[in-house]
């Protein structure tokens, strides 16, 4: 970090900062500028409370230099990670390699026939994973909360019928064993991106994790959430950009596609995009799928419903199997144009 | 809700919308405007997935009319709620009445001497509650994570010594019994505002809950989070405005003080302000405490540290006992000016 | 619009609202819901101050139904507009047709050799327009402010040498005649998107206008800004998405690519994307160019500099002629994949 | 500034950065950390394009150290500026001294009787300035655009009748002489905060300027806009916080009251708050006026209308003369509580 002193800070104040730096086991290096003195701090200060320096007299502000995450960083691991969707499956679908992984399915598992219809349709369209919520994080306590274990069983049945990897959300520490029993990929939702107990719990089990970016998370916070999982021992983490909250009013979220190359520059982890949550409007999903793959996304996760008018959740952003099929054909052409496969 | 049709929508499309409305047990009412047709929907549609209508052909968008929360609403309960800080204590401190409740203490419980010093100082300054984190939600997995149960014990000791109500964060469902054993008020942090399992769990136990607004939560989402707790049976909920994430760079968060009167207009629940998290800068805390009380806040929660330079967490936004004392004198004058007491 | 009454509003209050509606020459239609009464207002209320209704007793809020813009709207003009880059040039470059128009060049015109080198390079790479600032809107009053008329002359010289259409910013009403004398396309910058006098002035002259979205403009405000120009008589307007201000910290702006299909859905005007301003980082430009065209953009505007290290402005986001060339090859493949040409 | 190199940057790359630093007439100072090398740059780099360094090979990013503004800074002028509302008037109203200056009046000047009624009412309530728009920046080209010179004449008439200082907006360079002829204070609106030609023009005339913060301006950008005016020779600048654009939906803008002490810390210029624009809701104005003064604001600017239901603009956020009177009494008590006068 660099500690920037106020103009007119005294020699004593600078010395006091240096003393505090050394107390932390770090090395101080004073630079007297024409208008300001700064104290450059040498050594790994990742785990220190840098903010404490801002309360020291004569200090104006503190500028961090080192990124706080390590295992998620490309500095530590240069080659891109390839994450299997089904752990231990030989030759199975992966994210992070040459193939763009498409995961599709309903927002919520509603019934056997609904799930089977959709699963078969997205399989036919080229998906390799089946999404579907059994435990639903609902903003409104009176809304449909999901079928719980019954939903997980239906997902497992759909996997047997189609071979698709099952991707489903786990909302709480105590659900982890149950969800891990049925699912292939555990999804941590945007609202839980900083539920650190949950991050630790999914990090302590082996199944791959799809980590969604928090609604207003910075990339640094996002990668630190991934670091929680990685540091608990699970290396199979996929990052998912799903739109951020901004002032924009024509979308539910603003899909920040520059996050795709920016994350790939900072981290070795695969980056998936969710254009359904990322826009909230079914008529924007198609073009955002194309744009995501053009931007270099390693995968897509998309809400598909066979009867959006009667969907119990997220009807406005679900596309039909027909639209999914058309979209896949269009995205296939984009994938080729960026030397990827589907 | 009002369903707005696209210009040029057909009669069949409008009729189809009406049919879907009736399927939900609601009443439709078609209004043909000069440019657009809208379908007004009559009846309680709170628990319906309104968004599904947006996927219907000919529909442009859906406008909700009814607020989705009920128990948190002033429409249901006109008089303001007064929440005790210590459940069952007669004549004890409350939030929501004439007195402005001040809760103060360190970000983290670090040691017995640290906590006792600060507790006695804030008690002397006029606080009625003691804050202090035992379980710390840390963005960085390598940072200090709190003293856990040891920290809770120290908080209980400090309560015995000072009579201050203990306010501390609970981060996960499985921590609820333990935290509820020691604490007087259970705090749900901003990162957990939409951890719905946790909300339900604190709603199913009796101790008062301080619910912090999520980093980018709307007031509607905030009140729906409160509704989760209320609907599980716990009526002792305090709302806490703690700053929101915006593009602003000179603060850690943007303290949205208009949320205070806006929440009080929409809800009967008391509103507390956290100017420490809400700015992230100790030099802004004093003026924001004054402004909060002037705006009508029912309480303040403030980070105080006896040695901010060596604080293990949040040093930059902690004020010293001396600054706390000065601030309390200034706020006292504001309280009088708005016909409140401290 | 729909006027939503408060719960418990009186009959007199509803009648008073109806009276105000009729005073405006509009028709009222009262709908009594189970919890709320709403007054649907029939007729064109675009030019009325709807907000005044919010100050009426018993009114909770007002919901607009009609989009306030007309000429910019697809409701008025269904077929997409094709805007020439050089007015009156037969068979010249256009935006809004099958071909994706690429405009490239330095942020600022710095010298003849700089401009000529870059112009020739981008021409060779496939650009049809040359961008370059002669009048520079600089945040800092002490920064380089552009070469003014001298810069315009150099741009005209570069056009003669290359045939590229000259696109350059006009910052003030009094500059319009001068800039229009030299430029082919007048650019209105993001900071001036709501400089309504300037919008009117460029609307009253015939040359095409490239209108940049304001830093935090909604799509409605953006289209209303276009409406200013259109309503003054100039139909040759191009919309330019250039990133919005959000809390994101790894980019200068958040490029909101869903705005491309959303604008094309709401309006017939061509949509250009600026990935240079839209990210602020040269290493993100390439992937965002691909994503823009995949999303359906009608054109790109890109900052290219032959010596970014010594650029007087925007060095961090300028790509070199070599990078431009590589990018164009990659984007060409994307264009083919979405049935466009370059 | 500090130039942060990438991990693994080569010695040649560091040397190249140093060479570029010296080319700019600045001094380089290399610090080799344990993981990163940084180059501290010594000297005044305010007018340099720091961003160019980000395009240099081996550079990760550039961290500015010096604030880019000078004349607006407290580092240059420690004592607070006191700005007269009426230039040259002895003992007249000022902003920045002990007295809190209240400016009130209609959003738009609509007619003589409207303006006179309101002017007399706000004068009686304790205002020292009269606001009222003659040139109105309207988002919608079809909305009421103000009475122009006729409105200015009415404002001058109201000043004669009441002695209130006239504060009115100037929207364009060519309007400056006309507006300056009638007005006491020239207001630059939020939409024009980065209309640099207009800033220069109001800086080249002597009348005081009320500069509104742009809708999404950082404090640095805001102070740089003030610097434009100051650097052109006009020292009578007042800063006005008027709310920023965020994701919040219950207000038109989010009033960022921490900006008041933060601006006063960074700058010597007086800070005025606009709770009308800053919330957009008349029922939030009263509490935000109190909070603003409690936070240390040097003045308030408030929209008052004698018939908000029929206001031509901004009806929803205008308070009535009666509400103004009550608010002034409440704010008066707050002013006393913070040792200010009204």
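For reference, chains read A, B, C and D in written order, and residue numbers begin at 1 within each chain.
As a convention for this text, contacts are C-beta pairs under 8 Å (C-beta built on N, C-alpha and C of every residue); 3 or more make two chains touch, one makes a residue touch a chain.
Since this is a predicted model, take the numbers as computed values, not measurements.
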item	value
Identity of the chain that, by mean CA position, is farthest from subunit A	D
Angle of the C-alpha superposing rotation, subunit C to subunit D, to the nearest 5 degrees	180
Centre-to-centre distance between subunit D and subunit C (centres being mean Cα positions), rounded to whole Å	26
Approximate Å spacing (C-alpha centroids) for the pair subunit B, subunit D	31
Gap in Å, rounded to a whole number, between the CA centres of subunit D and subunit A	39
Shared interface positions of subunit C, touching two or more other chains	216, 245-247, 281
Partner subunit A, residues of subunit C touching it in the complex	216, 218-220, 244, 246-251, 254-262, 265, 278-279, 281, 283-284, 287-288, 290-296, 330, 333-334, 336-338
Residues of subunit D touching subunit A in the complex	2, 4, 7, 29, 31-36, 38, 40, 42-44, 63, 65-66, 75, 245-247
Contacting residues of subunit B [partner subunit A, same complex]	20, 46-47, 49, 51-56, 62, 68-69, 137-144, 171-175, 191-192, 194-198, 214-216, 221, 224, 227-228, 231, 245, 281-282, 308-318
